[in-house]
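One chain, subunit A, links the two complexes that follow: it is found with subunit B in the first and with subunit C in the second.
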Partner chain A sequence: MKRALLIGVLLSGVLALVPLTNDAYWLRLGTTMLMYGVLALSWNFIGGMAGYPSFAVAAFLGLGAYTGAVAQKFGLPMGWAWVAAGLSALLFATLLGAALLRLRGHYFAIASLVVAEVLRELVNSATELTGGGMGLNLPVPSMISVQAQASFFFYAMLALVLLTFVATVITTHSRLGFGLRCIQQNEAAADMLGVNTTAFKIAAFALSGVFVGIAGAIYASWVHYIEPPDVFDVLYSVKAIVMVLLGGAGSVFGPLLGAAAFLTLEELVWRKFLEVHTGVLGLLIVLLVMFLPRGVLSITQLWKRPKDHRA
Partner chain B sequence: MLFLQILANGLVLGGLYACIAAGFSLVWGVLNVINILHGSFIVLGGYLAFFGYTQYGIHPFVSIAIAAPLFFALGYVLQRTLINRMIAAPVLLTLTLTFGLDLMLANGMLAAFTADFRKLILDPPLGILRLGALVLPIDRIIAMLLALGLTGLLYLTLSRSRMGRAIVAVRMDREAAALMGVNVKHVYALTFGLGALMAGASGPLLAMIFPISPLTGPVYLGKAFVICVLGGLGSVPGAMIGGITLGIVESFGSLWFGPEHATTLSFVLLIAILLMRPEGLLGRKGYA
Partner chain C sequence: MSQPTAAMPTNATPLLALDHVSRDFGGLRAVSDVTLSVTAGEVIGLIGPNGAGKTTLVNVMTGVHPATQGTIHFAGEDITRIAPWQAARRGIARTFQIVQPFPEMRVLENVAAAAMFAGGLAHGSEANDFAMEQLRFVGLGEMALQPAATLTLAMRKRLEFAKGLAMRPRLLLLDEVNAGLNSTEVDAALDLIRAIAARGVTILIIEHLMKVVLNVCSRIVVLHHGELIAAGPQQEVIRNPRVIQAYLGRRYATDPSAQVGDRS
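After this line comes the complex of A and B, so read on.
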């Protein structure tokens, strides 16, 4: 546990040097990567540890973005707006989890998928509060240079990803993490052996919501303008899943690795195939699922024979 | 009188919805795969009818007969080559796989046909039917009847034909069916082919009524989800009841809450049903 935390802190120390390059492109890419890291680590709580196929990431992201934006519209300072976004996502995930986590398999997946659609429609129609389909402009932070703003949001996202990472490490080594892994393997047996499965699953779902909510609010402040189809995009949910699959589900560093690998792929695809980039993304997803369902690190195992044949 | 008109609209819509959902429900029930491609298949079927009519003058009702074998073959091959490999994988992986395939198909259609909304307009139009104060467009009525006919044919295929009995047998008990000499891989591919056929055949019907665009795929997919949950999984009568229920709910929902809330209403209904009766209104637990 100490070693994982140490590596995490060292890694963020190295990443903290990125703004020194003073290159807008790398800063934008870096901030996106850190946001993807938050999404992947967050999904890992419910999807990787507990094994529940959640598609709710987009719902939490959009909720956080709109909570942050509306809070700022009413005069809350940016920092507090982010906190408010985290709290609203936490509360929403807890209530939603209490209702939805009774479902399993496809039913849970679809119910969690639909939540983003419902929220998007609601935000779309609440025009006075959210601007509806016209979207919502956010106040530009008081920093003078564009460069300083870019660095500021990079560091904000970096701090958030570190926070999410620490939460992941602590959870993994706690009773909660142990219980979630039991639920993944056999929920009925875990329940019988005294794991409070309902409370554990809700805790995992809440953890998977809160950081994404904050990330949504930071994202909204970063891009200054949000609209419902942008932040409630179901692709965010799918991307989070693909990142974790890429990196290896259930592990501590896997989601981060997956986020970095996915962003690299996405950036290459974006640049080379602007017109058909979602199609190529789809092809990547298909190839990944077909050939590397256990993540990129499992690529070595394609050639290696298992040492222990009894296993 | 308004009540009757809205009810009639709901029934027409419901017949079409039943046709959309029947194939989706079949694949979900038998293969335990959620076919995210279903919505895009419907749209592709719609384009087939659109271009068939505008370029070659083939009536949309005729293009159903062209779409059916094409989509069946497409579905069969797709299942046999790709999805069969993943059939035993966890829910998450099969879902992600069909999602990836859907991204490819949707993007392909976007590149080929652009995102423009196109409308298939019959020339000359078929006119409208007046029953007292009821006003019913004839093309819609025919589309609904054809949709119900197709759904009925699917039901007969499943309950009467040798292929259909094999599909039902695999759904009930895969191992036992295999032991009785059923080629399970072939049956899975047939099932997926039938699902694709239903989607592709309902495309031309929907193209008669709604504008066609690659962007509408997810909307149809969402409706298929809701109907499956409403009616219960994997049974044709369930899809029929679910479809008609959704059609009526949407029609009255648009009237009372405004058309912009119809989708929200159906999704809220979906979540409520999932929480209260996860096996659906008609569904039984286990296999039907």
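After this line comes the complex of A and C, so read on.
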């Protein structure tokens, strides 16, 4: 546990040097990668640890973005707007989890998929509050240069990904993480052994919502303008899942590695195959998941004892 | 013949008491009007033909399929409507007819989970040490660090025992723990059951092997078509004509070493 935390902090230290390059392209890419890291680590709580295929990431992201934006519209300072976004995603995930987590497998997946669509329609029709389809402008932070702003949001995302990572490490080594692994392996047996499966699953779902909510609010502040199809895009849910599968589900570093790998692929493929980049990217993902079903992280374990995959 | 009940002539509160318990699945009554009590410290056998409702009865006791009618009390408390995890925490442990390990977790982790969540031990060394003790007790100490999926069937059955014990149960429900084992393995399991009973754990055994039932159970209850058709001391029950007709078979009555169900 201490080793994982140490590696996480060291990694953040190295990443903290990126803004020193003063390169707008790398800063943008870096901030996106860190956001992807938050999405992947968050999905890992419910999808990787508990084994419940959630498609709710887009719903939490959009909810967070709009909570943050609307809170700022009503005069809340940016930092507090982010906190409010996290809290609203936490509350929403808890209530949603209580309702949805009675479903299993495909049924849960489909139900969670619909949530983002419902929220998008709600935001679309609440024109007074959210601007509806017109979108919502956010106040530009009072920082001198564009460069300083870019660095600021990079560091904000970096702090959030570190927070999510620490939460992941703590959960993995706690009673909650242990119970979630039991649920993932055999839910009925876990129930019989005294695991309060409903409460554990709701806790995992809440954890998978709160950091994504904050990420949504930071994203909204970063890009200054949000509209429903952008932040409630179901692709965010799909990407989070793909990143975790790429990196290694249920582990601590897998989702981070997956996020980095995914963004690299996305960026390279987009540059080389501008016309057909989504098709090529999809094909690459299919191949990777087929030949490395336990993720990129499993390569390191080929040399270790088989079946030993504790993070 | 009067309606049989399994009530023991004792003035102590029974550990487990089922009062006119029924369980329906749609139009099918799987368990019908069962009244039964289990006294603390006893080893009781539950027998009956396939489909008699034995496993359903265990599911009713552990909250998997709550009773449609009737009430269940455990140590004086009404547990008719509790969830399986609550039953586990109150001290009702069960093993499964079809073993249910967490396949990719280590054998030790499987047992530690039971010690933590049902046994109330702290996460970490407290649960792990207690789990290790149970593994040694059932003879799986050597396998502790292996993934549960690598165990043989006989070992998985032992793992079920270890998990059951790690839950620190007051009542242990053993659902066909000997099915699929050879006679040496059954003998070993018998020793284990006796050793567990000697620790003061109350045991209810569902079993087809009469050898096991006659060896360890002081009392036997017989289920047939969901109904309790006999209950009482083992020698009395195995001579009961209804039990012979419904389950044991005629030949069994004259030669107890014969296989159950052998009706030639």
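In the analysis below, the second predicted complex is superposed on the first by the 296 of 311 C-alpha atoms of A that agree within 3 Å, B and C clash if a C-alpha of one lies under 4 Å from a C-alpha of the other, contacts with A are read in each partner's own complex, and residues count from 1 in each chain.
Here is the rule we go by: contacts are C-beta pairs under 8 Å (C-beta built on N, C-alpha and C of every residue); 3 or more make two chains touch, one makes a residue touch a chain.
Fair warning: this is a prediction, and the values are worked out from it, not measured in the lab.
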Most subunit A residues touched (candidates subunit B, subunit C):
B
For A:191, using the defined touch cut-off, is the partner it touches subunit B, subunit C, both, or neither? Pick first, second, both or neither.
second
Determine, under the contact definition given at the top, whether A:77 touches first (subunit B), second (subunit C), both, or neither.
neither
Please indicate which partner A:178 is in contact with in the superposed arrangement: first for subunit B, second for subunit C, both, or neither.
second
Quick check for you: in the superposed arrangement, does A:133 touch first (subunit B), second (subunit C), both or neither?
neither
Touching partner for A:105 - first (subunit B), second (subunit C), both, neither
first
Just to be sure I read the superposition right, which of the two partners does A:121 touch: subunit B = first, subunit C = second, or both, or neither?
first
Kindly list the residues of subunit A that each of subunit B and subunit C touches, one partner per complex.
none
Contact residues on subunit A for subunit C in the complex?
174-175, 178-179, 181-182, 185-186, 188-197, 307, 309
In the complex of these two chains, what residues of subunit A are touching subunit B?
47, 51, 53, 99-100, 102-103, 105-107, 109-111, 114-115, 117-118, 121-122, 124-125, 234, 238, 241-242, 245, 275-279, 281-286, 288-290, 293
Which of the residues in subunit C end up touching subunit A in this complex?
62, 64, 83-85, 88-89, 94, 96, 100-105, 109, 113-114, 116-119, 123, 147, 149-150, 163, 167
Hey, which residues of subunit B end up touching subunit A in the complex?
28, 32, 34, 82, 85-86, 89-93, 95-97, 99-108, 111, 218, 222, 225, 229, 260-261, 263-264, 267-268, 270-271, 274-275, 278
